[in-house]
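Structures given as structure tokens follow.
The following pair of complexes shares a single chain, chain A, combined with chain B in the former and chain C in the latter.
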Partner chain A sequence: MVALVVAAIIPQLGSSFYVSLTLSVLIYGLLAISLDVLAGYTGLISLGHASFLGVGAYGIAYALKIGLDPIPAIGYALVAVLVTALLFGLVAVRVRELTFVILTLALGQIVWGLAYRWVSVSGGDNGLPVPGRPSFGPFDFSADSSYYYLVLVVFVLCVLVMWLVVHSSFGLSLRGIRDNEARMRTLGYNVVVHKYLAFIISAMFGGVAGVLFAFYNLYVSPTMIDFAHNGTVVQMVVVGGLGTLWGPLVGAGVIVFFQQFVSIYVPRWETVLGVIFILTVLFARGGLWGGLANLGRWLRVRAGEPPTSGASTSQALTEVDAASGSGD
Partner chain B sequence: MQNFIQQTMNGVTYAGLLFLLGSGFTLIFGLMRIVNLAHGSTYLVGGYIGYTVMAATNNFILALLAGAVSMGIFGVILERGLMRQVRGQPISELLLTMGVSFVMGDLALAIFGGNPLSVRMPGGLDKSTLIGPITYPNERFFILGVAIVVAVILYVVIGRTRAGAMIRAGVDDREMVDALGIPIKRVFTAVFILGTFLAGLAGVLGASLLTLYPGADSEILTYALVVVIVGGMGSLKGAVIGSLVVGLLDNYGKAYFPELAYFSLFAPMVLILLWRPQGLFGKSVA
Partner chain C sequence: MSANQAQRDAGSAPALVLDDVHRRFGGVTAISGVSLTVAAGARHGIIGPNGAGKTTLFNVISGELAASSGNIHLFGHNVTRMSSVRRVSRGLGRTYQITRTFPTLTVRENLGLAVNGLSRHKFSMLRPWKTYGDVSAAVAELADQFELSPRLDSPAADLSHGEVRQLEVALALALKPRLLLLDEPGAGLSPGERVSMRALLKRLPSDLTLIMIEHDMELVRDVVDSIHVLDFGQVVANGTTAEIQADEKVRQIYLGSRS
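And then the complex of A and B:
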């Protein structure tokens, strides 16, 4: 709640630079959170997730280019994302956990390659411009600060839906699949269908992030979905905290912070980020969010509250590992 | 027709390069269940080192050895130092190699710069030979030759020696091998080193066939992954067939359907996966 108030105030603080920055954190945060549904909760780490942002962004840019009105264009883009997810998902969910990772990497590269080569549709490495932001009735979003509120609302709605999904019985089944797929299968769950649905849900929210991104950046190009960006999304999720839903937002904030501020003082900031990533994987499984949660728990215990018995978020990564290790 | 022969030769040569990468990758995965996402960066850094040695000494053989051996040593450090920390946890291992690739990529950019670098092979290898209707560069024959030699050596070592039997047994059933008292950890390290050695070797060869530049690591990694997906994890035969499939399809695609080049890779990969999710020669697992 506090964070929401803070987030709502930011545009009022004046500097358009910070508004723009927070916008990108929100958009990438949404993308990272959508990946978390797949990676943290279902145990399927996708190295091609940025491609869904790409399909969404290119979808809307192309739709606007061929003359569709804004609202149908958004629909067009989302349908494109859905079709891509349906196709990719068909292959992706039938392979083993580790093959899934490299398959999604390959699929992500394919989308990137298409963006590069299919010049007639995507503009090649020149990209596609997005001709301004749509206005809905009395709301005009051409200013960053007003667009910010729209993005904030969409972000909160999307995360709310995802929160409901992962806390539903469907979400519990996903976690079961993450922890021990074989057992879920013997219990009679249709694991493939569950994975497929999780894949599509995750992709669709990634596509929403893509549409938001297109209107934010007003320009779409293949660089946004290259291998490095796919890796960055995973970085955001892992550093923020796998399986925590909010963690990836923190992760997005950290990485954008590094990109914008640390890069000024530390020329090898990407190396530093890489090292932080490595350290997180080695020692801090729950990521930053897990660390914060643990800190909160520790403070509460010190204040006299009895420790809660619920599973800690830092177990998420350990659980995925133990499952895949023993499921060999 | 002439063009077709040329494209086929290009595809086969490229397949040779991909085999050097794919074979190491598939063995590391088959035996250790590690998806080594740093394999592409190993290729790149090995290539850069080979380039540096070549620029300093103009001795191509030395450059090849430098690239390969330096990456072999790097493999020891990586496997013993970092990978051991997360032994038996596939997701963490994978993420770890991913982090390593980030760091390697950025450091390589810092050290070697952003300009594309390439190596020219010395002497006779720099020329071309007239074969039937076409003239084909010798350096490509050399690369193909190296790949074939490596394939034969791997086949003999893995198929016919005791050490190879240990590797094959490890790929089939790690726990049993360990239970039988075979020093599986040493086998792991050996295979990992072999993988990074071959990647470094491929890097120097790639420096002449293609060029080295920031981003080449992820590009070649993608190809190597498709090779292994198509061929099947852990299968050397799969790596051979996979590299041929990928190499040829990619070249034909780029030559005849440039707008949809990645599709020529994508479609067969997807079709194969729909039919056999474990790849052509992979083991099917419940």
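And then the complex of A and C:
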């Protein structure tokens, strides 16, 4: 709630740089959260998730190039994402664990290869320009600050839907598949269908992030879906906290902040980011989000408030105590 | 499922018929021509030394492994070519020798998954699952029945071994199976836990058909009425519990003094 209010007043601060920075965080945050549905909740870590950002963004650029209006172009882009997800999902959900990682990596490279080489459609190396932002009736989104509110609204709606999905019966089935796929079958679940649906849902929200990205950046190129960017999305989810939904937004925030802000002042920002990544994996297994949640509980208990839920709090507390004890 | 339907099934067909079932792994024959019939409502035991093929037989019955040859009938329907998911919807439930619960999920979530297994709710996406009153009620009832109510919000990984065994049986029963396969429900339990497991098994509804693999003869004697003895993938003896206990051949297999 506080975060929402802060997010709402950022454009009023008058700095276009911070608006642009926050727009990046929201768009990559949406992409990372959509990956978390698949990686954190279903246990299928995809190294090709940026492809759906790519298909969504290229879909917009191409549709506008062939003369569609912005609204049909959005529909065109999302259908392209859906078709890609339906096809890729058919292949990907047949395998698990490391094979899934490698297969999605390969699928991601196919999309990158098409963006790079299919020059007549994608513009190849030069990428494609996006001529302008949409306007709906009285609402004009051409300025960064007004587009920002559109992105914020879409972001909140998408995350709300994903929150409902991961807390639904279907979401519970995904976590069951993550924990023990074989047992799910003997409980009457057709796990392939559940994984396929999870893959498509995850991809669609990734595609929405792509549409937002195209209108934000006004230019699409193969770089945004290359191997490094696919890895970055996974990094956002892991740093933020797998299976926490909000964690990947924090992860996206940290990584975008380093890429676009710290990089101005610290030439070796990538090294610093790498160290943060390693420390998170080693010491905060729930990612930054899990670490913050534990810290919050610890502070509350310190302040004399009774613990909220018996078992988990006392367990978290002993962990925190053990950690601080060894640090003294 | 209604009691009437159970009676009709009980009258019309045995719960399980295996007809000359084989299962080979490459050159190794794990199950070699097993035929057996278990009447609906029966309490049946399968015993045999380690490596006799008992768990493999369960895997073939539940469909996790395909039979290499032979036929399997469940309540009068041939299920030999049916997937394990579809056999579950035909009333088959099972537990595992090595317990298979969902470790990072709470007991409540474990039970919720099992309750949802055969319902339409499992594809519901836009409503938190805990808001379904019927699911919550079924979860609470199962937790009560298996003495897990105080542990509902603990992750399954935090349960004691005995509690995990109870949860395992609760998961299988949540689907209201008509035939339940229990793979060593007493394995690794302390004497105290064993007593409560025995009480729990004896409390199961009487129209439920039970087939149990177990080494603990005391537990077997208390729960089952008839037994098949398996050795090297073949049925070497069958009869009532008393007959099997008196059988000289069975004693030899268990004492390892076959000639």
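As a working rule, the second predicted complex is superposed on the first by the 302 of 328 C-alpha atoms of A that agree within 3 Å, B and C clash if a C-alpha of one lies under 4 Å from a C-alpha of the other, contacts with A are read in each partner's own complex, and residues count from 1 in each chain.
Throughout what follows, a contact is a pair of C-beta atoms (placed from the backbone, for glycine too) under 8 Å apart; a residue touches a chain by one contact, two chains touch by 3 or more.
Every value quoted in this text rests on a predicted model; they were computed, and no experiment measured them.
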First, second, both or neither for A:A143, with chain B first and chain C second: neither
Partner chain in contact with A:L86 - chain B first, chain C second, else both or neither: neither
Touch count on chain A, higher of chain B and chain C: B
Touching partner for A:A228 - first (chain B), second (chain C), both, neither: first
Chain B versus chain C as contact partner of A:L157, first or second or both or neither: neither
Which superposed partner A:V165 touches (first chain B, second chain C, both, neither): second
Which superposed partner A:G176 touches (first chain B, second chain C, both, neither): second
Touched partner set for A:G274, first chain B, second chain C, both or neither: first
First, second, both or neither for A:L187, with chain B first and chain C second: second
Interface residues of chain A shared between complexes with chain B and chain C: 182
Chain A residues within the chain B interface of the complex: 43, 45, 47, 90-91, 94-99, 101-103, 105-107, 109-110, 113-114, 117-120, 182, 226-228, 231, 234-235, 238, 267-268, 270-271, 273-275, 277-278, 281-282, 317-318, 320-322, 324-325, 328
Residues of chain C that touch chain A when the two form their complex: 62, 64, 84-85, 88-89, 93-94, 96, 100-105, 109, 112-114, 116-118, 121-130, 132, 135, 153-154, 158, 171, 174-175
Residues of chain B that touch chain A when the two form their complex: 29, 33, 35, 82, 85-86, 88-92, 94-96, 98-103, 105-107, 110, 174, 215, 218-219, 221-222, 225-226, 228-229, 233, 258-263, 265-266, 269-270, 273-274, 277-278, 285-286
Chain C-touching residues of chain A, taken from the complex the two chains share: 161, 164-165, 167-173, 175-176, 178-180, 182-190, 197, 309, 311-312
